[in-house]
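By written order: A, B and C. Residues from 1 in each chain.
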Amino acid sequence: MRKALGLYTAVLLASLYVPIAVLVAFSFNASKHGVTWTGFTLGWYGELARDGQVLNELKNTVVIAAASTVLATVLGTLAALAARSHFRGKRLYATLVSLPVMIPDIVLACALYAMFDAVRMSPSLTNAVLGHTTFNLAYVAVVVSARLQGMDRSVELAAQDLGASPWEAFWKVTLPAILPGILAGAVLAFTLSLDDFVVTYFTTGPGDATLPVRIYSMVRFGVTPKMNAVSTLILAVSLALIMLSLRISRVPVAGGGR
Amino acid sequence: MQSETLCVINHIESKEVAPGVDELDVALRGVTKSYGGRRAVDDVTLEVRRGEFFSLLGPSGCGKTTLMRLVAGFEFPDSGTVLLGGRDVARVPAHKRDVNMVFQNYALFPHLDVEGNVAFGLKIAGADDVEGRVRRALEKVNLAGFERRATTTLSGGEQQRVALARAVVTGPRILLLDEPLAALDLKLRKGLQEELRRLQRELAITFLFVTHDQEEALAMSDRVAVMNRGRVEQVGTPEEIYERPATRFVAEFVGSGNFFEGTGDGKVVRTRDGLAIEAAATGEVTLLVRPEKVRVNGGAGFPARVEEVLYQGSSTSIILRAGDRRILVEDANDGAIAHVRVGETTTVSWRPEDVLVLPR
Amino acid sequence: MKARFVALLVPPTLWLAIFLVVPAAIVSANAFTAEGLRHLASPVTWTLFARSFSIALVATTVCLAASYPAAYFIAGCAPRWRNLLLFLVVLPFWTNLLVRVYALKVVLPEAFQNSTGAVVFGLVHSFLPFMILPLYASIEKLPRRLLEASQDLGASPWMSFWKVTVPLTAPGIGAGCILVFIPAFGIFALPEFLGGAQAWMLGNQIELYFKKQQGSTAAGSALTLLLLGCTVALTGVYYRLRKTEGLV
C-alpha cells in the first residue's frame, strides 16, 4: 500500500516540475515554434539582453521589489513586535494585519486602483510600491511573529536587570535575536514582489510594466520563444532567493556562542 | 452422514491443531520476531488457558510488549505459530482477530465522546442494542452516566476504565492489557488491581496482562510468565515463581533475596568468603534465601553487624553486614520483633529447607 | 513603556488603514451607487458568480483528493525524507504563478486548452502546495495508536481511515480547502490563458471593468465587493468551525 502511495506521490511531484522543466528546456531550443528540438542556443537570451524594453521592465521589477521590501520589512517587524503585547482589540488588529494574505489579490489590487483613481493618482511605479508594501507587510509580520514566539523573553528582562534601558535591551538583545527572521521575511517579501502580477497590473501603466506583466501581455498577444527565456530567468532568480532565505533562517534563535 | 461431513469440514476450516486444544485461548509455538538483527522475541512457546488471568512479567526490553502485539495482530512472527482458540492466525490482521487490547495510554478517540468510544467496536460489527450494551459496560466499570462526557475531561483512572469498557463490550475471547496501570498513582493502582481481578472473574474473559511490576503480577495473576531478553525464563503460579524460582534472573526479578555463590559437595556449600551453608547441592551453584526467611538473633548461624533498621509499618527491614556481604532481612511486625540496634553484632540463621538452589 | 508600544503599533496600523481600509471603503462607496447596484443585481453578474464558484469548488475538491494521498505518504516517511519531499512540494509555490501557468500552456495539448477542464486542471496544479502542507501538518499529528486501537476493535484499515483519520484531520482539510478556494475564486490570468472564452470568471470580468474602460469603476467595484464579501464570509465560517476539537 505504501509503495502505491509512494509511486503516486512521485508522479504528482514530477507533474509539478515537468511543465517548468519543459519551459526551461525550450528556452534553449533553437526552433522558433518550440515543439521540436532543433538545437541548443543561447540566442533567445542574447535577444533578451539587447531588448531595451525588457531591460527597462527588469529595472522596474527590481525597483518596486526593493522599495516595497524595505518599507514592508520595517512596518511588518513593528507590527509583529506590537502583537506581542495583549491589548484591547488585539483580535481585530491581528485580523487586519493578516487580511492582505487572506483575500484574493485581485480584490486588493482593484481596491487600490479605485482609491488611486479617486485621489487622482495616475498609475505609476509609486502606486505599485505602495501596493506591494501593503501585502508584503503582512508576510513579514507573520515570519517575524513566528520568530518572536520562538524567542525566550526572559533574555530581555535579564538585559534590563543588568542595567540596560528597555530601548538598549531591544537593540542589543531582541533585535539581534530576531534578525534572521527579519531577513527571512525581507527575502520572502522581495521574492513575492518579483513574482507579483495582479497588484502591479492594476497599479501601473504602460510605461512601467514589470517582467511578470510583460509575460502576461506576451501570452495575450502572441507567444515568442523569447518568453521562455524571460520565464526561465525569473524562475532562476526566484530559486536563488529561496535558497538564500533558507540559508538565513537556519541560524539559531538565542545566542549560544558558536 | 451429512452432519459428520459438516463436522469434518468445520474442523478443517478452523484449522484445529488437535482436539481439546481450544481449551487454550492462546498458544504460541516457537515464535521469533526480530527487529534489525535483534531478537525481540526469541523462540517463545507459551500457552494461556481459557478464563485465565495470565501475566507477562519482565523488565523493559524483555519482549513482553512485542509478544503481546504478536497476539493482537499488529505484528506477524518471523517464525513459529500463533494460535488463538486453536485457530492459526499467523497472517490474520488485527481487525479480524477476536482479541481486544487496552492500550498503555488508553488511545481513546478524541473526536468521540465516551459513548462513541465504547460503542465503536459494536458499530463496526453492526450489533444491535448498542445503547444498552454500552450502558451496561460502563456500569460494570463504575462509570455509569458518563456517556456524554468528552474524553479530554476525564481523569487518568476514568480514561483507563473507558478504554476497558470499550475493549470488553464486544465480548472478545481474549483481552490484552498493556501495562494499563503504569501511569496511575499507587493508591489508584491498588484499587484498580482489585477491580480488574473482579471484572475478569465476572466477565470470564481470558486476560493477558503485561507488566514490569512484579508485585502487581503476583497479586493479580493465576499464572505468570517471567521474560528476559526475548525468552521465557519461567511459567508458573505466583507462588511457584516466588518460592521456587527456576533461574537466578527470576529469583532476582521477583522479590528480593540473599544470594550465595559457592561450590557444594552434596551436604554443604562453601562460598568464596568462607561461609558454609547447609544445602543438598553439588557443583557450582547459587543459593537463595528470601529475606523473610532469615532469623536474626535466633540461634546458631553466622555473625553479622547491623547496619540499618528501617521501620516500614507492617514490617521492618534490617540490613546487616557479614564481611563483604550485605544480608537483607524482612521481619513482619507481628509481635515477635527482633530487637536489634544499629551497630550491634548479632547472628543470622535460617532453616535448611528455606534454602533454594539455583543453577549458576 | 506605553509610548514604546504605541510607537510600534501606530505605523503599520496607519499604513493598513490608508492602503487597505480606505480602499475598501472607496470600493464600497462605488458599489453602492445606482450603477453599481444595477450591476450587482444583474443576471450576468450572478452567472459569473455561479460559474466562478463552481469552478473554484470543483478545483478545490479535486485538489483535496489529489493531495491527500501524497500528504499521507509524506507524513509516514522518515524525517529526513519528509523534509526533502515537503521542500520539493513547496518550491514551485515560490516561483512565479504566471510562469507556471504559461508552462502548463506550453505542455498541455491544444485540444484540451480553452476549456473549463483546462482551467480546473491549472488551478489544481497551481495550488497543490497550498493543500498538501496543511493536510500534512494535520496528518502528522495523528497518533498512530489510535489507528491500531481502531483496527483492534474490528475496523479494517479502510474503515479506520474513514472513521478515525478523516475526522481527526478535518482541521487540516478545512485549512487546505480555504487556502485553495479563496484564491481560486478570484483568479483571472489563469482562466484567460487556459480557458479562453469558455471559462470567463469573476476575476476576468472585474479586470474588464477596471482596466479596459469598458464598463465602469462602479461596476468593477460592485463585483470586487461581492468577491470580498464572499471571501470574508467563508473565512469567518472557517474560523467558526475551527473551534471544534481536533488536530491543528
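Quick notes on this one:
Going forward, a residue touches a chain if its C-beta (ideal position, glycine included) is under 8 Å from a C-beta of that chain, and two chains touch if they have at least 3 such contacts.
Quick caveat, the model's predicted, so the values are computed rather than measured.
The central chain of the assembly on a C-alpha centroid basis is C. The chain pair with the larger count of C-beta pairs in contact, out of B-C and A-C, is A-C.
Once the centre of each chain is set as its mean CA position, chain A and chain B turn out to be 62 Å apart. Chain geometry summary: the mean Cα position of chain B and that of chain C are 55 Å apart. Here the CA centre of chain A is 18 Å from the CA centre of chain C.
Touching of two or more other chains is recorded for residues 157 of chain C.
Shared interface positions of chain A, i.e. residues touching 2 or more other chains, are not present. Along chain B, no residue makes contact with two or more other chains.
Within the complex formed with chain B, the chain C residues making contact are 143, 145-146, 148-157, 159-160, 163-164, 167-168, 245-246. On chain C, the positions that touch chain A within their shared complex are 1, 4-5, 7-9, 11-13, 15-16, 19-24, 26-27, 30, 66, 69-70, 72-74, 76, 85, 88-89, 91-92, 94-100, 102-107, 125, 128, 157, 182-183, 185-189, 192-193, 203, 206-207, 210-211, 217, 220-221, 224, 227-228, 231-232, 235. Interface residues of chain B, counted against chain C in their complex, comprise 72-74, 93-95, 99-101, 103, 105, 107-111, 120-121, 124-125, 150, 152, 166-167, 170. Put simply, chain A touches chain C in their complex at residues 1-2, 5-6, 8-9, 12-13, 15-20, 22-23, 26, 34, 74-76, 78-79, 81-82, 85, 87, 93, 96-97, 99-100, 102-108, 110-115, 117-118, 130-131, 133-134, 137, 141, 166-167, 191, 194-195, 197-198, 201-202, 212, 215-216, 219-220, 227-228, 231, 234-235, 238-239, 241-242.
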